[in-house]
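Here come two complexes built around subunit A, the first alongside subunit B, the second alongside subunit C.
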Partner chain A sequence: MPDRGRPVLEVRGLEATLTGRSGARVQAVRGVDFAVASGECLGVVGESGSGKTVTLLALLGLLPETAHWSGEVRFEGRDLLALPDPVRRRARGAGLGVVFQEPLSALNPVFSIGYQMMEPMRAHLGLTRRAAAARAAELLELVGIPEPGARLGDFPHQFSGGQLQRITIAMALACDPRVLIADEPTTALDVTVQAQILALIRRLRAELGMAVIWVTHDLGVVATLADRVLVMYAGRVIEQATTAELLGDPQHPYTRGLLAAALAPRAPRPRRLRPIPGHPPAVAPARGCSFRPRCAEALAQCAAREPPRIVIGPRRDVACFWDPATGGARDG
Partner chain B sequence: MLTYTMRRLALAVPTLLLISLIVFLLLELAPGDPMAQMPLTIPPEVREQMRIALGLGEPWYVRYVAWLHMVFVVEPSHMLAAATGVDLAAEGSRLLSWQSRAPVAEIIAQRLPQTLWVVGLSYLFGILVAVPLGVASARRPHSWLDTIGTFIAMAGFSVPTFFTGVLLIVIFSVTLGWLPSMYDTTLEVTDWDSLRRQAAQLAMPVTVLALYNAAQISRYVRAATLDNLAQDYVRAVRARGMSERAVLYLHVLRNAMIPVVTVIALGVPNIFAGAIITEQIFRVNGIGELLISAIHANDIPMVQTLTFLFAVLIVLFNLLADILYGMLDPRIRYD
Partner chain C sequence: MAEPLLQLEELTVHYPLRRGFLRRVVGAVRAVDGVSLELRRGETLGIVGETGCGKTTLGRAALRLVEPTSGRVRFDGTDLGAIGAAELRALRPRLQMIFQDPGASLNPRMTVGRAIAEPLEEHTGWPPARQAARVAELMEAVGLDRDLMGHYPAELSGGERQRVSIARALALEPALIVCDEPVAALDVSIRAQILALLEDLQARLGLSYLFISHDLGAVRHLADRVAVMYLGRIVELGPVDAAPAHPYTAALAASAPDPEDWRHPAPAEAPLSGDLPSPAAPPAGCAFASRCPEVMAACRVHAPALRAIAAGHRAACHLHDPEMRA
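Then we have the complex of A and B:
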């Protein structure tokens, strides 16, 4: 899709350090920058543990109190962190719709889903109880929950996993967000329902100009939904490109590995990520590129320092010294 | 829910019968003679006649059945008659206290209000202190407020009520002279002044028990709140832009109340037991004091009935705790 001008959400220099239960500190996000424009869909891919969820939580200001983090988050031109608390809360609650990774644990077990859907509508949109209930039923209908009006009074445990996932998507859409932030929202859905949801998201993007950040393991979803893709590895963005460029001409050895694994003919689950040999590091090595231990193309300089973000095209960059075109080091 | 409650109530009947039998037998086997307090000048034949008059000549099972009849049929019908004027005309003699020769039920009815005032107010105040304190402690663990909360809890747990009671008497009655150290049982609340005096004499026993209750409950509230604050749904509610107040006092507290309400209901019989000691210290003539004096006087019918009443309380509040649990947690369905 074409570029649509000013970014609605812009993240610069995001860093986050978490403290685990044992007291060990994990540098989960190390300098992430990206931006999404209205109506644009940004796909975020990366192995488990690469810092996708922590990135989203950090930009939303929802990390636990024990976490340290820094960076700049601009939403509609305003620095979210500089806003006074109630304003920020409202901006976040109404402007950014969030779908969390685990739908069951993201819902309060003792309130009906109707109540939980209506609560932000009444707080942010000022809807009456009746209007909010009508809208909640409408949204449930939209995501394909049968008999939505009758089910508003039901509690989370009375729905299936896939239904809950759709309910949390409906909740995220409740206040007509400017940006929808979804963390693996379709993993528990069967193919037809997933196609329905993706069609719905595409429609909302076109009609309302809603921007979307879609975290997924599924490169098939990325190919159909995303305009641009971020590839994350060990807390960093290692490659950023339009979907076509990324799928057609991946630059980073890690991205190339991901695609090769996903497109391998004998892969047990085609189009899904298949592991690249080795494991992602829990903590990045002190020196050099964090992917080097698993990299088949590693050069001498990869051990010396972490490759910086190298801009190689309009809105396209990669954090790697190796150049697939030459098989040697990039120049410049 | 209703069928579940009914089933539980039906199950409570054999439980209570068994407890009543155990209570009866324990006191039966305990050493002690109801005549021990009688003057030694009473001749042995008269003594024997008095024993028979008290029903002590019969074997234990006959007396057990007679006691059951009195506790479950005769006394309730008399209480009903006294309260509403409806006379069911239940047959049989009433259960009399050996000590005072008055019906046990009537003595208990006289003593119960004092205990209910002390126990009820202290539980109420205890909860009113414990819930905000527990939530605030959990909100900011290791803050000064949490430290104070921990201190109160430790004090309430580890310092026995007879010590705090005496301490309060020394400070407020002996040294400062602000509050009466003895409960005036004849005081009737008729106007502002008597109400003020009633409040003054309730202040210390209620404070002692409230502190004890707050100590226990606030720990449960704190633990349950902390537990819930770590849940993912809290993050989701915040993400939807709800205020911290709504997060804490609506979403989290509503969840935390599930274990806390259960603990509060289960704790009610305990604080009746705790009131026994407090009533002794402040000379409140409630049922705790009644039980102690009945034990001293070997007044077996009174002790049996009171012990049994405590057992009824425990069974009933266990049932209540279960029912409340089912009502508060939509994931629990008993039917």
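Then we have the complex of A and C:
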């Protein structure tokens, strides 16, 4: 495994408040910290409203003008959000590759795939037209597009949905990013195409030492891709651990609930799913733990104040008063 | 054995392929190509396959929402192709469908209460008070808070919207519900709620489901039997807990992510590479041959027939044909 010591991307104390169309303010991210090292894959797990997408937009400096945010995003030692706009854009364009869930939102329908892939390479890597075209074809081959050279002149509508998502991944990889940031890029795809993309990402991590931040609501994807996992709920990180610790010995009742509700396609006999009651809150409650209304383990103190992050191991913490080992309150 | 609720016999749906200025028909896309299957009363039959395999067209043809090119659909003893529009309309209440994206299938300007009452207005002629009582009963049955009655779809969560569309589907006491990817767009905790709800409603109301999905994982939790489709045909049909007999089924099962996967090193290669061949120009021999890890010479020449390999278990693969293996 590549060097795990120094983080390539580090987020500290990130907070973001969005203003809705009605003027209502929503605190979407409430104090998020994490770091990812070269060659490492960090899984970020959360459902709708967990703040996972807003966290990504904030760290990329892509929040709307009306949003308020604070915190620090250090990329290779520099605080990205403190940089002037053009400098930040250049640093981001060259260092961070981004893939979103909907490939059509990332592609312009009136330009060819080749043009859209080559422009950033010419801008950020200073490649000639010819060199950029060769590299674009190479990248398309890497993500499994057949006859890549012949398809550079094709437009987005000439590709299938699975191919378009593979193309957006090729575009994200075009400038040799140090960090690939992906927001549910495989959720809308067939499981067979998803498996192909996950295998590709694993290979690129190993070959290029690229760091990966992969946002998903699917614990099965985390299991096969991530080294470490953050679980987010109502704008906070509620549990953080290595993948083996998190899936083998989950601590937070929400993480445990997600596992019990997850599909188990390879279990010898399908078991009954145990759903988590209720749904994720749109706004965090003013007092107490955000998960308390859905929690089967809630204790008296959960209503009074929000549980702090409790360190329970090396690089492992959980924001919960309840201890699964004793079924009662945690010590300390 | 009692007569099955739904019987498809050699069902085929071809879409014309048009080209050029005059939109001349130059060929056909074989969306569904000679499918025969039965759905028993109170049973859930899963239909699994990748995008483009014909599973959605099959579900629509089973409800006669698309006209089959050939073959027959029998519902409760009635040949749906042999009856007139009036008779079909009289049968409609018993045939319902739930879609992947309730945001798109619900009218954004209709409140929850109105959306659920709409099928009652259309088909029952009940007085408003009776309709209102039925709406309240349906909301209770699908676990929707009564306070949501005056809300619009945009004000609801994805899970709540899917509950509304289930309540609408239940309004006229259907016998058959075709569920087309009903949980694909939902969050994990909500997906499990909706699957549990569908299971509970089936037990209480004796419903039969055709459950369509690209994800074998989702199907396994609900279905009694599973039919796997590839390029318009069924390649395997068997009980949900039987080991996969067709290499395609095995590849689909291996592709679905499982939270237990952290226990093993991740595979270097995906179980399946490449894409489906074009349904407008299906290859000679077995349609899966181009992607099959166990392909033999015979597979590129002869298309395998769906044959029994165990009681209640059929597969279309030469691996299960002793003559072809020799």
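Some points to look at:
Operating definition for what follows: the second predicted complex is superposed on the first by the 310 of 332 C-alpha atoms of A that agree within 3 Å, B and C clash if a C-alpha of one lies under 4 Å from a C-alpha of the other, contacts with A are read in each partner's own complex, and residues count from 1 in each chain.
Definition applied: a residue touches a chain if its C-beta (ideal position, glycine included) is under 8 Å from a C-beta of that chain, and two chains touch if they have at least 3 such contacts.
These numbers were taken from a predicted model, which means no experiment stands behind them.
Within the superposed three-chain model, A:119 lies in touch with subunit B and out of touch with subunit C [touch as defined at top].
By the touch criterion defined above, A:198 lies against subunit C but remains apart from subunit B after alignment on the C-alpha atoms of chain A.
Looking at the shared chain after the overlay, A:109 reaches subunit B, while subunit C stays out of its contact range.
With both structures placed on the common chain, the touch criterion links A:144 to subunit C but leaves subunit B unconnected.
By the touch criterion defined above, A:234 reaches neither subunit B nor subunit C. Ranked by how many residues of subunit A each touches, subunit B and subunit C are led by C.
Across the complex, subunit C meets subunit A through its residues 50-51, 157-160, 187-193, 195-196, 214-218, 220-221, 240-241, 251-262, 266-273, 275.
Listed in rising order, the residues of subunit A touching subunit C in the complex are 47-48, 144, 160-163, 190-196, 198-199, 202-203, 217-225, 243-244, 247-248, 257-277, 279-280. Within the complex formed with subunit B, the residues of subunit A that make contact are 57, 60, 62, 86, 89-94, 96, 98, 100, 102, 105-111, 119-120, 123-124, 155, 157, 168, 171.
If you check the complex, the residues on subunit B that touch subunit A are 231-233, 235-243, 246, 251, 254-255, 258, 328-331.
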